[in-house]
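Here come two complexes built around subunit A, the first alongside subunit B, the second alongside subunit C.
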Partner chain A sequence: MPFATARTVSLQGALGHVIDVQTDVSPGQVGTTLVGRPDASIQEARDRCRMAIINSSLTWPATKRITILLSPADLPKRGTHFDLAIACSVLAADGRLPGAALDGAALIGELTLDGGLRSVPGVLPMVLAAADRGIRRVFVPEPQAAEAAMVPGMSVLGMRSLAQVVAELRGEEVPEADPVAAASGSRLLSWRGEERMEEVDLADLMGLADARFAIEVAAAGGHHLMLSGPKGAGKTTIAERIPTLLPDLTAEEALELTALHSLAGVLDPGAGMIRRPPFSAPHHDASKASLIGGGSGQVRPGAVSLAHAGVLFLDEFPLFRSDVIEAMRQPLESGDVVIARTDEQVRLPARGMVVLACNPCPCGDFSPAAANNRCTCKEVARRDYRNKITGPVADRVDILRHVEPLQPFERNDRFARPEDSASVRLRVTQARRRQAERYAEVGWRLNAHVPGAALRDSWSLDEAGRDRLDGDIYDAKITSRGAVRVHRLAWTVLDLQCPRDPGRRPGVSEVETALALRRGDPLPLAALRRRAS
Partner chain B sequence: MTGSSTPARTTTQALGAYGESLAARHLTAQGMILLDRNWRCEAGELDLVLREEDVLVVCEVKTRSSDRCGTPHEAVTELKLARLRRLAVRWREAHGVGPVEIRIDLVAVIRPRRGPSQLDHVRGIG
Partner chain C sequence: MSVPEAERLARVGLSLLTEPGDARVAAVVADVGAQVLYDNVLAQRDDSEVRRDARSRLEGCDPVRQLEQATRAGLRFVVPGDTEWPTQLDDLALAPPLQQRGGAPLGLWVRGPLRLDGLGSSVAVVGSRSATTYGADVAAQVAAVVARSGAPVVSGAAFGIDQAAHRGALGGGGTTIAVLACGADRVYPQAHRELIEHLAREGAVVSESPPGGAPTRVRFLSRNRIIAALTSGTVVVEAAVRSGALNTANWATRLNRHLMGVPGPITSAPSQGVHQLLRSGAATLVTSGQEVLEMVAPAGQHVLEEPRGRERSRDRLSMSDQQVLDAVPVSRAVGADSVARTAGMALLKVGPALDRLRAGGYVEREEDGWRLAALAQE
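Showing the complex of A and B:
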């Protein structure tokens, strides 16, 4: 039969579709037609495949009419990784490969003219999608075998050339081939202090008790945080240390994050699965596409998604362009990003903590205390600046803290030994475990992910706490979105205390602390003291 | 390309003429009836015109001494096909044949320097 089917995967954001590459080789006007909504790079696959087959000492059916269909035909397809499936499908249709060998296998890889394989971005999400559809065997370029092998239960064949793949499918001895170059370029620069982020620790910082408490709560519950304060107060320093408070990623998170990095083509082939929470700090000149995701052609994840399950830090937040700030609304609220195109809609996870930092005014010196106020900004400039901070985006941030510069007596206080990251991480890990157990049946991981309705119905505050919060809504001191966020914060505050009684619900004292955290008011002394003991 | 009626002048033309004779012999041996050879008009030339049952078959013959510069099959482009279709209609009109089904076939002949020639008959190429 002059007909064969090979399988590969097409990606739409983080959604993978298994694609049947069907080839018919029959007499007729000689030529190769490729149908099923291929993009320009797949159209070029015809030439790559033809030369790769000929230069691998295999036979291209040059006297036949070749029709290649990428099925389902209505789905737009992109990428160069279709090459391997197309080449094998043509060979099988021409009777040079046993068609049955292609059953239950997915083929991923770009071909070179000499028949070698090249690495492609997005192998992990492709293999995940293939596994989902019951495929148990994948052929991938050799450097990406480790990435594909992260998917449990998958038999991965890392190959160097088309000739090797064909030999494997025929059940023959696999020939030698030149090694495949890895996808990512080589690093041209390395500088001293490059690994700085691996050595930071909370113990480096003196004082800042208020901000320390805030980042601990934020880390424990996955809450978004805004740090405001005059320049030099330590906003950036403290934000950079938030990842050190987070426990290692769960297996599920690690797979999601590694898949997102693979999609973006930024995965280091040697590094394997990402185990530590990521920290991403894009510059304030960043475009909307780089932050949220998008780009021309294939949708690439943006910084928000690359910081999934970690920390996205937007320093000098009001200096970001207004359209970029507005675009942050969706990920802040729902924990994912939807990028709509004419013919497709791509949803990417973006469930990291977002940490925003801003000065109180454009010059950074404004202080409400008249004695410290060296601000030179015009009132209009200050107002414009503040307008960017307040508004809908700020309403979606759970915790607002003002970071004040260190006082001289704090700097030199030798008795107040700063706590190190490891001990805070221990408390954060415990608090996260409590949340995971509480939400085990419904699949959320952290308080920040729980929808408002579910909180109200299943995990409400105790009666006094509810009255306290309702009072503030009644007085219009807080919006109902704000109330939901306070409710979540109250749970996190309670989780950090690790109460003995497992049935305890957040009460008045937790709500007070949560309200103060959200509004940027001074924290109740009790909250700070409890932590110090 | 020169038909068998005029003497072949170049090696390429000789090769073409050889291929056409071989093709004609092969097709008639298959039971097709040869109606015309190297029929020309101002629009071009038809290599072989045959009849297979009720179908008028216009056959293009491509002869090569090797497939080093591509197979003979690949030489038939979309443009060439369109011309063959036009010519087939012209032939039918010129011979007063009513509307019949027309099929365009290809015979590819490879005649290496040594060894036997290879012939491939492709039915209905477009």
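Showing the complex of A and C:
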């Protein structure tokens, strides 16, 4: 039979499509055509596959006309991982492989000229898509077998060369082959929560009762946070410790995040599934594409997506480029990013906590307390700097905190008992469990994810609390977007108290704490004491 | 100068039999003396209201044993006439009572090595128990600066501002004492055991109530007057409109002590009481420990420099020279007549002014006229 079909997966953002690679080998003008909207790297596959087949001591149908179709033909396709499916499809169409062996299997991998396999980015999301379409068997480059095996119910074959794949498909003994070469390029994300966990702890921090409470609330409810303060006040030190307050990822989160990292090609093949919430701190020179996602060719997830379910820390936020700052609006509001191209629209999840830090002025010394103000900036420069954080972006941040440098008497305070991360993490975990139970039926995980309308209808404040908040709206002290954010914060403040009465709703005291958190006002000490122990 | 044993024991006895800060008792003691009153109560003579009330506790009252037990527990009873007696408390005898509390205390029960006669320069830092992080930070900061200068900080060991004040003072490396409403051997609130025990080891824990006394509501009012009277000034940080700290403030005013208030955000409920004190003129606004020291220290010590804007070199020029300087353009050179026109001054005056400005380095002379030098552009 001169016709065969092999399957692989094409990625469009985080969406995978199963692609039939159909090959017809029949007499005619000698040559190879590849159709079905392949990009340049797939066009090159013809040469890679031909040499790989020949150098694997297999036969390339050199005297026939070969037509290869990537179906459905209307989808644009990119990537070098089509090689393995194309080669097998050609071999099967030429009768060198039993066509039935290709049924129900997906083939993923790039080929070298000597017939070896190479790793490709995005294996996990590809295998997820394949599983979704009923495929139960998948061939991947050997180093990525562990990644593919994270998908439940999938039979994964990690292969080193084309010859091994062919032998496996023919049901023959699999020959020896050289190990797969390491992926070119090094990991871009060298900062994983797990490694930092061992080094930093909240117990290292003296004072800052206010900021401690703020990051606890932010961690518990997944709220966005802005830390402002003069240089040396400890903004970065605090932000770095936020991941230590987060519980391990849920299975669902872990799969989403690992898939995103795989898409970006930053997944360490040896590390397996990502279990700890990620911490990403891109430098303020970062381009829009690196932060939000995009790039040429295949859409790559940006730092916001790589910090999904974790923490994205943007230090010196006003120094980021204006287009990057504006582009942050969408992930801050909706928890995802949409990257529009002429022929496609890619939506990527970006539901991490965003932590912004800014100095009060370009020199970083401005302090509203005039006595120790050493700022040398001109008033205009200060205003320009502040204006960089435009209203719409600032309005989307839930919690605002001012941090002042530690005073000597605070360092010498012998009665300070800085709580360690583990104790706080316990409370955060409890509070998150309460939220998961509350929203179990509707599928949200954290208060920060619940839409305003649903909050109003199903999880309203108690009457006195609503009155308190409405009063501030009438007095124009808060926008209605702000009020929704205060509403969410009030729930988190209550969740951290773990009230015995499961039916309790946030009231006046929770609303007032939430308002103080949002406005950057000092917090009532009583609220700090009320956390469940 | 030592106090007769009988006098001390009579005061111990009265301390056991009467409520601390009872203005009636203080009045009778001031009138007839502690020994006479105590004898009267014991002998059940002279049936006045004060004496009848005192007799309700007569059963089991044994001053000698009480004093022995207290000594074993590390307490001492300081009475007027002792060298350690803080004489500033005598001012209480002259002040009118407030809510029937008033008068000098019969004596003070003290636990800790710090001597009470060294509290002349001390400062009280008080405020709300339901304080905010802002108030706690400010209280600690003020207390740290005051304590660092050598002045002891007095407060009440309560939640919120009190605790922050004690901790700030200790963190600043100074001394601090707590005046309690319960007996000086007890700990209230329990959560502050570690702090209070530390004060008893390094500073002093003081109370007007006898050992074992419970912290009742009324005793807090009596306690507040001792805090105000012991110190040379009281700083109120965060007090809501119905806060006990306002009671302390009231006593400070009655005793002619300095009363100071640290303002908070105008929207903040816990600062409303302080704002009232400031608005009515009862308290002086302070924003730092240095400002507190300037208020309470003897004249001439701790004088603060007024905060001023940065002085620019052109500020030192005469007004007419500044007027000429303003008229010299930055970007191009112009003739003296143009400068005179812009400045609205006679050319005759502008010429010498420009020469002076050039000597000072403010303007430069070029071929076609005058322009601003770099110095003047800063």
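Note that in this section the second predicted complex is superposed on the first by the 514 of 533 C-alpha atoms of A that agree within 3 Å, B and C clash if a C-alpha of one lies under 4 Å from a C-alpha of the other, contacts with A are read in each partner's own complex, and residues count from 1 in each chain.
Criterion: a residue touches a chain if its C-beta (ideal position, glycine included) is under 8 Å from a C-beta of that chain, and two chains touch if they have at least 3 such contacts.
Here the structure is a predicted model, which is why all the values come from computation and not from measurement.
J.: Between subunit B (first) and subunit C (second), which does A:T63 come into contact with in this model arrangement: first, second, both, or neither?
T.: first
J.: Which partner does A:S296 reach: the first (subunit B), the second (subunit C), both, or neither?
T.: After superposition on chain A, A:S296 lies in contact with neither partner.
J.: Pick one for A:E410: touches subunit B only (first), subunit C only (second), both, or neither.
T.: Once the two structures are laid over each other on A, A:E410 reaches subunit C alone.
J.: Is A:G28 contacted by the first partner subunit B, the second partner subunit C, both or neither?
T.: In the superposition, A:G28 touches subunit B alone.
J.: Considering only the touch criterion stated at the top, classify A:A209 as touching first (subunit B), second (subunit C), both, or neither.
T.: So A:A209 only meets subunit C here.
J.: Looking at the overlay, does A:S480 come into contact with subunit B only (first), subunit C only (second), both, or neither?
T.: After superposition on chain A, A:S480 lies in contact with neither partner.
J.: Quick one: classify A:T342 as touching subunit B (first), subunit C (second), both or neither.
T.: neither
J.: Of subunit B and subunit C, which one touches more of subunit A's residues?
T.: For subunit A, the partner with the higher number of touched residues is C.
J.: Taking the stated contact definition, name every residue in subunit A that is touched by subunit B in one complex and by subunit C in the other, in rising order.
T.: Comparing the two interfaces on subunit A, one with subunit B and one with subunit C, no residues are shared.
J.: Hey, which residues of subunit A end up touching subunit B in the complex?
T.: Residue positions touching the partner: 27-30, 62-65.
J.: Within the complex, which stretch of subunit A touches subunit C?
T.: Residue positions touching the partner: 209-210, 213, 369-371, 404, 407-416, 516, 521-526, 528.
J.: Show which residues of subunit C lie in contact with subunit A when the two form their complex.
T.: Result: residues 130-137, 140-141, 143-144, 159-160, 167-168, 170-173, 194-195, 198, 264-265, 267-268, 270, 287-288, 290, 307 of subunit C touch subunit A.
J.: Note which residues of subunit B are touching subunit A in the complex, please.
T.: 67, 70-74, 76, 78, 81, 108, 120, 122-126
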